[in-house]
Amino acid sequence: MSREAVLHNIRRAISERGVRGRFELPQRPAAPTYGEGRVDRFTERLVAHACTWEAIDSLEQLPERVMAWLESKGLAPRMAVAPPLMALPWPDVVERHSDRAGITEAVAVSLAFGGIAESGSLAMYSGPQSPITHNYAPEFHLVAVFAEDISDNQEGIWEKVRATGAMPRALNLIAGPSRTGDVEQTIQLGAHGPRQVHVLLVRAKASTS
Amino acid sequence: MKALPGTFDSRAAVALADPSLQKALKNFKPLFVAKRASAVAELEGFEQLRETAAAIKDAVLSELDTWLERYAAKVESLGGHVHFASDAAEAREIIREICRKANAKTICKGKSMVSEEIGLNEVLEDDGYKVVETDLGEYIIQLAKEPPSHIIAPAIHKTREQVADLFEQNHPGRPREETVAGLVNEARHALRERFFQSDVGITGGNFLIAETGTSVIVTNEGNGDLTQTLSRVHVVTSGIERVIPTLDDLSVFLRLLARSATGQDTECYTTLSSGPKRPGDPDGPEEYHVVLVDNGRSKMLAGRFSQMLRCIRCGACMNHCPVYGAVGGHAYGWVYPGPMGSILTPLFNGLAENYDLPNACTLNGRCQSVCPVKIPLTDLIRTMRNEQVKAGLMPASQRRMMSAWGWVARQPGLYRAFEKLGSKMLRLRAGRSGSIASLPGAGAWTRVRDLPAPSGPTFIDQWKSRGGQS
Amino acid sequence: MADASAARPRVGLLATCLMNVFRPNIGFSAAELLERAGCRVEVPSEQTCCGQPAYSAGDDDTARAMAKQVITQFDEYDYLVSPSGSCVGTIRKYPQLLADDPHWSGRAQALADKAFELLSFLVDVRKVEIDARYAGKATYHDSCSGLRQLGVKRQPRELLSRVEGLELAEMDDAEVCCGFGGSFCVKYPQISEKMVDDKLRSIADSGADTLLGGDLGCLMNMAGRLRRTGSKVRVWHTAEVLAGRTDGPAIGEEESR
């Protein structure tokens, strides 16, 4: 078996150099923290990564604000919506589904597992409540995130993930719309993923909304 | 991938005479060097992160077997498959077999240097699969049938006009686009269908996490995510050295990677994948495979170049290398260019076949000073020269000169005499002009520059005649 | 080393091969500056080369032989000082080169510990009075070995700031290699040419009329290319300017100027 062959070769190399056990894993430097400025740092980094954002008081306001945003972009009210957001008071005109996103999907509305102040990243925890395709297939991605779910740093997200008892199949950290610099090193947004990412920062407590 | 034809010299000469490449290389400074410098300056404790990252790598490599076993067991517990490949041929076979079993027609690929290293595309295309590179840069060079010229910006040598030509030839029925935005949009549309048709998605793995059985990819375009999410089967190709212990270790590397690679504080998309689609999941691949490629790495682990296994493929070394900056990536002849390639390519493909690579370096040390995992690249390049000498590969003429010089330099009287003679002859040749425009036997110097002439008798002679006074 | 802090430490001046043949003025300038810094300067007459060409080429056997010779000639001094970052950089590699030789490894380490590049020695180890004038606008090229192996960066600038009449105009990419690289410049002349031309552009853009540096190899490369391209920029080793020995022709310059 190749597995045994490869591991055998590795063991031989390690013993030839006599390094086994000679190097200890180092203490990691403390991750950056922002105290009271955590949410401000988060929104500042969102903007730095070409996201737009607005604050809402509670999730109930989400449909109305999403509709306004779509209207401002001249977009039709058709969208993929994360299951936890399906039951919000959407106007009747909205065509919505929560299956995987398709090839012509224009808009998706998602709920983030958390946010990272350090990098302005959204953490998306895949599963029945949060289809991964919603994050990548549409041209426009609207993401709700509770202010209280914003961690100082990645390590804060890892901690929250560990608390759920398992890694999701996919944990997607997203910092802004898709981009590329591959043609003449000119940054262009909307390479393969969303062209625009709009964040709705929910001030209310997650549990009470 | 097969090595490119020609010698380093001939490929370098082509590169130096290629105006569009030279134009692209000029962009490196504002694009990579300056942006990295400011991204690094903005993060407190960057140096400490480099130290920590290097130490994590060294610790893992010193017990690599254990970490790989832990990682593999975790992946398998999540329903994923882990394959070990001793060499490139085995890795290709494993992936061909996965594609066969999946009845694949279309294979989408995220950027993966290991897949370039093992020459995967050629064999999959020969098998009749539609293989689509989805990173825009990789897509462009796939259309151009060229190898990457940079590990993170593979099509950096292509101008907008050249990309427009390629798209015009390959996207029939579409009007020619001239702007960057138009070209990016055209590629978006062309690739979108492929993503949704894809049967097998092959990506690299920037990091493998033992704690959680997770593979991590980092991209800006989102192509890797569409590739691995929409395909029925996801195959991760990765070198065996990419395993790290925990999620918290990942954070150390992520803080270094984007800053070192592109001067961003983070790339757009960092994706952690753990196993296949689970019950109730609306999307994601039904099968999840990891192919761990040795291909000479375990041998590297034993020898003088083990520190190369710290490499996280960020490209900072080449971005800061003045030789790479002069000739670009294709001159190096294979998958890995620049300083890291000057060490890796001889190790993978032979010291003799790649004699020039470690020699075409001024040992200026800039690569080493920016390496996020503190690989002593300059020292290793010199060590590689030593390996070449030990293998008897130094050209005979140079070897003879070196040993003659070495012998004379150990006879101070004789050395002095040669210096005296040389000084006198050069002064005669220069006359009062102060420099020499051409000199038999020194053509390689005087072809490019004048040779400043000695300004008088040797220092040691003058020092003696002045009785040791300045 | 016991007497190193004494009033007048004994310094062995390593006369680099290039300096010895091409630019004795740098040696005299170095000696003068060292004396002014309160050192007794001696030039071991049996010295030849530090072994850098062999070491860089990967010929470790030859490099080791040269290293032993240098150790033997210099270990009696309180310090080894040389007006070249790359030669001193090589000496600092001796311990690694001789690590497996119990007879030599300790001596190699002792020499490496007391080996200094001139300009950093004059700032970090011994203080020196600068009493020099130079009328001109100079730009400073950071030679790679000195900069990255020895951390020579601020010291030459500090010393130059005390030269009367000299204006320092930093060039862009002062820390980027000039394309010399020892045998590199003759093995890969086309690439070297591209690199030195990039450097010449930075020099020209700085508006300086004078180029300074701390390693003669780099200076000869740049001076030679400046001459070839008809530039009037004058090139000196920093020690020459600091010692006020700039009456004669600069590097590569005709005599009757």
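Note that the chains take the letters A, B and C in the order they are written out, and that residue 1 is the start of every chain.
Note that a contact is a pair of C-beta atoms (placed from the backbone, for glycine too) under 8 Å apart; a residue touches a chain by one contact, two chains touch by 3 or more.
Keep in mind that this is a model prediction, so the values were computed, not measured.
Novice: Which one of the chains is closest to the middle, using the mean of its C-alpha atoms?
Specialist: Smallest centre-to-centre distance to the global C-alpha mean: chain B.
Novice: Tell me, please, which chain's centre (mean of its C-alpha atoms) is farthest from the centre of subunit C?
Specialist: Farthest by centroid: A.
Novice: Starting from the mean Cα coordinates of subunit B and subunit C, work out the distance between those two points in Å.
Specialist: The separation of the two C-alpha centroids amounts to 33 Å.
Novice: How many angstrom lie between the CA centroids of subunit A and subunit B, rounded to a whole number?
Specialist: Distance between chain centres: 30 Å.
Novice: Would you mind pulling out the distance in Å between where the CA atoms of subunit A average out and where those of subunit C do?
Specialist: 53
Novice: Out of subunit C, which residues touch more than one other chain, so two or more?
Specialist: In subunit C, nothing touches at least two other chains.
Novice: How about subunit B: which of its residues touch subunit A in the complex?
Specialist: Contact set of subunit B toward subunit A: 24, 27, 31, 44-45, 48-49, 51-52, 55-56, 58-65, 68-69, 72, 82-86, 90, 134-137, 140, 153-156, 158-160, 163, 180-181, 183-185, 187-188, 191-193, 195-196, 212-214, 220-223, 225-226, 229-230, 240, 245, 247-252, 254, 262, 265-278, 280-284, 292, 294, 298-299, 301-302, 306.
Novice: In their shared complex, at which residues does subunit A touch subunit B?
Specialist: My answer: residues 1-3, 5-7, 9-14, 16-17, 19-29, 31-32, 45, 48-49, 98-103, 119, 121, 126-128, 131-133, 135-137, 153-155, 158, 161-162, 167-186, 188, 190-194.
Novice: In the complex of these two chains, what residues of subunit C are touching subunit B?
Specialist: Those in contact with subunit B are residues 15, 17, 19-29, 31-32, 35, 41-43, 45-49, 51, 53-60, 62, 65-66, 69, 144-145, 147-149, 173, 175-177, 179-182, 184-196, 198, 220-221, 223-225, 227-228, 248-249, 251-256.
Novice: In the complex of these two chains, what residues of subunit B are touching subunit C?
Specialist: 9, 12-13, 16, 29, 322-323, 326-327, 359-366, 368-369, 382-389, 394, 398, 402-403, 405-406, 409-410, 412, 415, 419, 422-423, 426, 432-435, 437, 442, 444-445, 447-460, 462-464, 468, 470
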